[in-house]
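Listed next: structures, encoded as structure tokens.
Two complexes, one shared chain (subunit A), two partners (subunit B, subunit C).
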Partner chain A sequence: MSTAELTGDLRSRVRPDRVHGSLYTDPDVYARELERIWYSTWVYVGHTSEVPQPNDYVRKHIGPQQVVLTRDRTGAIHVLHNRCSHRGNLVCDADRGNSSSFRCPYHGWTFANTGELLGFPFNQGYGGAQAKERLSGLGAAPRVESYRGFVFASLAAEGPTLREHLGAAAERIDQLCRLSPEGEVELTAGWVRHEVTANWKMLVENETDGYHPQFVHSSIFSISGSGIGALYSDKSTAVTRALGGGHSENDLSPEFRRLGVPMGWSGTPESKIPDYAAAMRATYGAETGDEIMINGSPHVMIFPNLFIAEIQLFVIQPVAVDRTVQHVTAIQFAGAPDLNRRLVTQCVGSVGPAGMLLADDAEMYERNQRGVAQRQPEWLDLSRGLARERTDEHGFTVGTATDETSMRAMWAHYLTLMDPA
Partner chain B sequence: MDDVGVVASEFATVRVSLDTQGNSPRLRLEDLRSGAVRFLDALELESIVWAPEGFLRELLDPSRHRWRDDGSEGCGP
Partner chain C sequence: MTAAAQHIVDGTPAPQEHTAAPGDPIPLAEAEAFLYREARLADAWELEAWEALWTDDATYYVPVDDSADPRTTMSIIFDNRNRIATRIKQLRTGKRHAQRPLSRLCRSVTNVEVLDHEGGDTVVTSVVQVLESRDRGSTWWVGRVTHRLRRVDGAVRMAAKKVVLVDSDRALPSMSFLL
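Entry: the complex of A and B
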């Protein structure tokens, strides 16, 4: 389908209360999503705690694009395309390392970790060392910014700033960081890569879909004795909130405040982590420390690829129209070793290789992808809670904990990027 | 000879040891991928420590070391 045809057609496929199934399966739509979303807006790449030392680097991704997140010797952060400027080979292969320079294994072209071309073997073939002046270094993301250590990149040279892109979602990152006695998150627990045969938007929609947990996750809730499942009901005071910019959250904090138990949200009673609780009260004061520990951690989907789910963090990576990789790690808080140990254990149970939570969702994603390939009915319904949506005191659209408010908002934002009016 | 360890990345693998066979100690560097060895004495090491940033950057150009095409000799296995 031509660009012009797709433009007119997209708006007809996204309605206020439903979306067309082809949006999850159409290769033309996916190709446009890469250009208009993944290679244009701000995309989460990595965290500064993953490159703590000068010359540290980690391999990351922006959708299907392989990139390298580096910290140079001066401490500056770079996001480089993992592609040799000579013959296009992948330059870095290891997931992480420490090196001031990268040497392509194909012909030995060598680049600084800033992307600058340092040289190549037998340079007389190019007329000598001065040829470096006319030859290219590694490609670099034109815009790289970080917020509270969270590094985002945009492959577009111009556009909204990261702060404008994040909008209210930045406050959710603040909320997360406040749970550290030192105000910092560390992503140092290692990553699990989990590939599913499903379109990436299935995952984005699911992350703040409060309608499915009581059904899909009932087994892990019952085995673990978690009370979280019950919070996703119409009797709950929790809400689903559209934060603008395609970002959304399930805000369970009204329930946690009603219960008033420090760390009640986490599944770890305070008695198990006395050092953490003491450090929080020492840092923030007894009253504020308790408020932070009662209020809990965010459950927020930052469009298009960063999902912070209380104790774990997911990075969504589309690799094809019907294939998506989720990169998952346990969130670690600076200055909280006793809490961090428990968070790793909890995450192994929920999203580890044999974890139950992620496996539940993955099964639904893959069934969903196979389902939307069927011919009838053509549309997916998004109307749950449409009639009872309201605007909260901050001007955000909210629904009950089980309403599809976040999905509708995501699709509205999607259209502004894919088919600007 | 005291083995210090192996400094390795995906790009290079070098064994580092302290050689004491001479009249004063020196560092022995062995490129484990080729077998090439270079010794660095105390003054050479101090010079590297104090060398300007551009010195190492220049040295990282492959045409300045193993893959130069001027025919000059250097360290080798």
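Entry: the complex of A and C
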């Protein structure tokens, strides 16, 4: 099939064992993705720990859309479009702050942090204050829900609930929260923002691609004595699992259980974080506490934009068909100050523009993006492990640590959104 | 080549014409010469020579938010001496993909001032502008730099380097060279 023969029918471009390169470069495909994925399904926006007090706010994004995540004076969470209802000016400038209202700098229109229009100067021009009834407030995401502090929004008024959207991925958030002696994650370490010249799906696919680490990250694995490479080898007992809904994980816990050492997954021996280990055993009991610390943290991609990678959390933001920003922070566990400092240090070394891991991933995304612009052979191969996939006891499709099970599942879900049968 | 010229070219300690004690302030001209040499070594990917400029207790810091505590807040780079060594080792493997091929670099260091002398270290501020050329395109990196310089065994070394990029809090492309 030549590119000229491709039609609007996306099903012709996504096959069980391959996808067409134009899916990463076609502006029409990107425009449809914004409408049918980013502005329709549940998208991760932020965490309640980023707006802990009444009237706190923080600027966030849903793809290229700028939004403000607010907590009103009653404690309720809102996701508001950063756009004045008068002339379209941006109403919120600061990255974060505390305010019960936002005032547009252009003509002084004022909005509550619920989005409600509060005032418009010289209101006789509108027939008086009662004009408020017919004038608009700030646009607001029609559906905002949170799961264990993780706030998601949908710009569609109707659709599956957040719990339906998360499905089994919710258990991975539970797994993460259990690593806190207080059962809560806090995203309080600030953000590094890394921009790559690549389509957003290059990042999503890479996040649970267990085939690349041995190659892309061999430089750092070889000099740091890291055991991560072995987790993604042909001999690894780790698995790649499709969790449904386009979500997927590299489940490394079989390897961590084989190791059997509390905190073995983290690279930080328990002896260096005695307060944390004691708090975990005090909260969960010695046996369960050890089990949680042995099993480790999830490595899960929650479609389309939240990637939890053991100790760090990434938020993927498409800003153009070939440009994506990856926002990253170190995960912080409530009640674990000694562990948290180590996580910041470890995370800063690994991620972001200068990160000893992520700069190399970014190089791959960008090389891929330049590569798929070349004409032949048109398709990207997705067949790795297709013949050895199995269904596990929970009904999930599972491949080995290095199989492309996660990508195939992502694309299958993608089609259900982009081109419903 | 005179000994003084040799010192400028490769950092060979110049013969002591006067006896500078280890804790004495480092004069502006000497600080400038050090900064220019550091810039040249980084541009030319002279990794070992660049690494040798650091003291044993060094920190190399590129903040997102210069007012934040780097021990509890995300930074672009926050390396102790061990991590500086790891960074150099990674580049030397030849498999640091973000630097295959190596970026072509040219930087200027300007606005050099000696600001302070504290605890035996001389605090020097400057402005750096780097043009980085890669396949992805060229990137212009500009920042305000603070060095803590210290005389160790007669030679100037850096105990700390902080680079506050003008656009440190924005989304940045990969920055895998030595800033």
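Here, the second predicted complex is superposed on the first by the 411 of 421 C-alpha atoms of A that agree within 3 Å, B and C clash if a C-alpha of one lies under 4 Å from a C-alpha of the other, contacts with A are read in each partner's own complex, and residues count from 1 in each chain.
Keep in mind that, in the parts below, a residue touches a chain if its C-beta (ideal position, glycine included) is under 8 Å from a C-beta of that chain, and two chains touch if they have at least 3 such contacts.
Everything numeric in this text was worked out from a predicted model, so none of it was measured.
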item: First, second, both or neither for A:Pro27, with subunit B first and subunit C second; value: neither
item: Touching partner for A:Val196 - first (subunit B), second (subunit C), both, neither; value: second
item: Touching partner for A:Pro52 - first (subunit B), second (subunit C), both, neither; value: neither
item: Partner chain(s) touched by A:Gly352 [first = subunit B, second = subunit C, both, neither]; value: second
item: Touching partner for A:Phe120 - first (subunit B), second (subunit C), both, neither; value: first
item: Touch count on subunit A, higher of subunit B and subunit C; value: C
item: Which superposed partner A:Gly97 touches (first subunit B, second subunit C, both, neither); value: first
item: First, second, both or neither for A:Ala129, with subunit B first and subunit C second; value: first
item: Which of subunit B and subunit C A:Gly227 touches, first, second, both or neither; value: neither
item: Shared subunit A contacts, counted only where both subunit B and subunit C touch the same residue; value: none
item: Footprint of subunit B on subunit A - complex, ascending; value: 73, 92-94, 97-103, 108-110, 112, 118-125, 129, 132
item: Of subunit A, residues touching subunit C in the complex; value: 95, 189-197, 216, 218-220, 222-224, 325, 328-330, 340-341, 344-345, 347-349, 352-354, 356, 359-360, 362-364, 366, 370
item: Subunit B residues within the subunit A interface of the complex; value: 9-12, 53, 56-57, 60-64, 66-69
item: Subunit A partner contacts - residues on subunit C that touch it in the complex; value: 62, 64-65, 68, 70-79, 83, 86-87, 89-90, 93-98, 100, 135-136, 169-176, 179
